[in-house]
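What follows are several structures.
One chain, chain A, links the two complexes that follow: it is found with chain B in the first and with chain C in the second.
Presenting the complex of A and B:
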């Protein structure tokens, strides 16, 4: 599983950091850092985090740039 | 299913401004208990006006774009002390400052950041995630206790005890004190009710007293934790400081009262509204039973479709603000009807349909902007786990009353009881 975050949309609500702290991290008070290739065992966390983003900035796909972002 | 609640209006024609169905009476009608089971037709009426001035000088806003703009507008205050005419229902107890939900930046930001330190990122990123196991265990225990019952009340037997146990645990309130805390929390919320034609004085005084008693209780508990920390949020708030220093004793009291009340009175409605919505939409329920990985999105849709906080009653413009061609004057009560924005057809296609697959679901279930719900990640996790546990462990549940009996509050709207029956195996 791969993720892409649209950092232009990201507003620093940090909901993803609460729900998938192994994958998303705050640098300082609001800048977001994340691991694009989701580590094993974190898929469920990432799906919860992506659904929870208040500005829908997180795209999840099997391969970033492949089927990611299919709506 | 709910019937259109405007059918009681005798006049079918577009009415003059003095008629009872005029937009000036919308707030009165929304808060009228008769419309509690289905306020949505009133919200549709509100959206036709976008902004509706009320007979008492309040302004209601019900369309998505306008609500979004106001939630992000620094000229809109959350501090009711900025009202031209003070609203006794919303003021904090004598001598105590308002909690951060009722403050503006920069004080709001400082208080919220201090309260966030032991709860979430950047300082405590794993705290909510670490509760997953405990929440699951509590939910499974509660659900197992219901399996052999022919009928039960989802509120008293499940949706209430789950979040209350979790929030008390998280803060560090001993389980023996939960009944007392619950009585206080209920009294505080009752004080926020708008019951037309009733003298609100005694209810409000009782609410102020309960709030003060709860603050004293939590203040004393924090003192104990200061001497003997126990690893919970109260211990951290009492002992740990950062660049902003620490909360003062008063700030700690009002902040923890807020967290405890919010943890008591909101998630219970999200879980109960969730089960009610799923039982009314059996197709969605079956899909979620078969594909539990859809639950996170289903909960987002639930937050849009039946938000546990229906409107924000405590905003005030700090200047005259023009919204959709109407000037909302400085100092008036401004009511943002989140649940109406969530059903705005200009933002959400087919908004009255519950669609667990809904894309682009930027709802106002937790508000938006700087006051975005503090406990949102916890409420999400609790509700995802609660509904997954209920539908996997209880098959063949059915509603015994539809619509069920609702709690009085039009703001924190949800069933008082949700009696369910189970097919016996």
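Presenting the complex of A and C:
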């Protein structure tokens, strides 16, 4: 499972940091850093974080194209 | 039979050249909007789509692996992926894309999303020295992170745009000695002008960066194929075992040289609906463009053709291009999104809306150049055209509304942390030719306060 955060939208509410602290962290007051490849056992936390985001900046999904025949 | 079916817009063959953020989001939008035909994505890197912003941040800090930055899909795509092969030509009359391995891909509609690549160090022999890096691809970032892990004695960053500043920030956070060389008078000045540039100068120095502005690196020196240091235009020398070349980006348009399209070093020109122009300025109806490689007219900025190397623009423009590729004329949409971008460096979040280089004046509405927070508002001929925040992202929506409604500059009371009237000062946007780093917003027509064409020699 992969994550991407639209950091144009992110305003540093930090709900994700509380709900999935192993994946999201604030660097200083407002700069969000995250682990793009969700570590084992963190899926549930990440889905909760994505749902809780007040500005809905977090996209969670499987690797794009991972389901297709890649040549 | 619906008009869409009569047009053949929901079926046929669509080829997308470029399998990064813009190409991916366009492909997903095509399927979302009911395209049922054959869809092929071509990418020159042998990887599925990945996200680039983390490469100069999390990856260089060692918090994520370069190979872990894959982009999540928004939906399943029934698509053919041709990865690890570049497009080398376009036959617009025969309607096919030629690939480096000789395959011809016929199309009914084409999306160009080939983006940019890192501008290389101009001397190939020096660029090939072990220890000299650029940061654009996943492999670039992986190699640089490995080199930083080895604990170099000093890192030289050439160019103080966003990438160079983020690299310098990561090095300092790792405790590495870092020198930044920039030909302009301040970091970030190309994109954000002199006031925020002066602020960035103080920020970098406060974090222990050996920042040298007004100089160029004249030579990279090596011994036994390894980088040992650099020489500067002021006659000084520096010992360094890693050099990171952050000279901005080159648009990937060479493959279109014989296509008859309006494609060149400044990008691929298109109309507000992402339809590409021919070299005669006639709009095509089957070739579209999106992302960093596109030059498009923006009504907020006097319809100048602008090119934006921004994550958000790649997504928004890809969605508009894809919609227009499967929609009949009256249902097409213009790409009007207000430009916005972010950077994080030295523990701060730097964000922007509008086009700060499209300005003649700037005011500081909140914070001060001495603070670790800032709101700077840019104006051009009495209207607000941009705002930049540092650790004040919540204010950007407010300024975006003012930009969209052409609100007067300097801004009226409100959204400021002081009672006194805001004092505008010149925005001091430099001629891009004097910079080491390329601006990430290229106003490729003219800057508003002077006639100026941006053509990079050798680009």
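Criterion: the second predicted complex is superposed on the first by the 63 of 71 C-alpha atoms of A that agree within 3 Å, B and C clash if a C-alpha of one lies under 4 Å from a C-alpha of the other, contacts with A are read in each partner's own complex, and residues count from 1 in each chain.
Definition applied: contacts are C-beta pairs under 8 Å (C-beta built on N, C-alpha and C of every residue); 3 or more make two chains touch, one makes a residue touch a chain.
Being a predicted model, the structure only gives us computed values, none of them experimental.
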Touched partner set for A:14, first chain B, second chain C, both or neither: first
Partner chain(s) touched by A:62 [first = chain B, second = chain C, both, neither]: second
Partner, of chain C and chain B, that touches more residues belonging to chain A: C
Partner chain in contact with A:28 - chain B first, chain C second, else both or neither: both
Doubly contacted residues of chain A, that is, touched by chain B and again by chain C: 27-29, 71
Chain C residues within the chain A interface of the complex: 19, 24, 41, 48-49, 51, 53-54, 57-58, 61, 63-65, 68-74, 76-83, 311-312, 315, 340-342, 344, 347-349, 351, 372, 391-394
Touching residues (chain side chain A, partner chain B) in the complex: 13-15, 17-21, 25-29, 44-45, 47-48, 50-52, 54-56, 71
Partner chain C, residues of chain A touching it in the complex: 1-4, 6-8, 10-12, 27-37, 59-71
Touching residues on chain B, where the partner in the complex is chain A: 113, 120-122, 125-126, 128-129, 293, 296-297, 299-300, 359-362, 366, 368, 372, 376-377, 380-381, 384
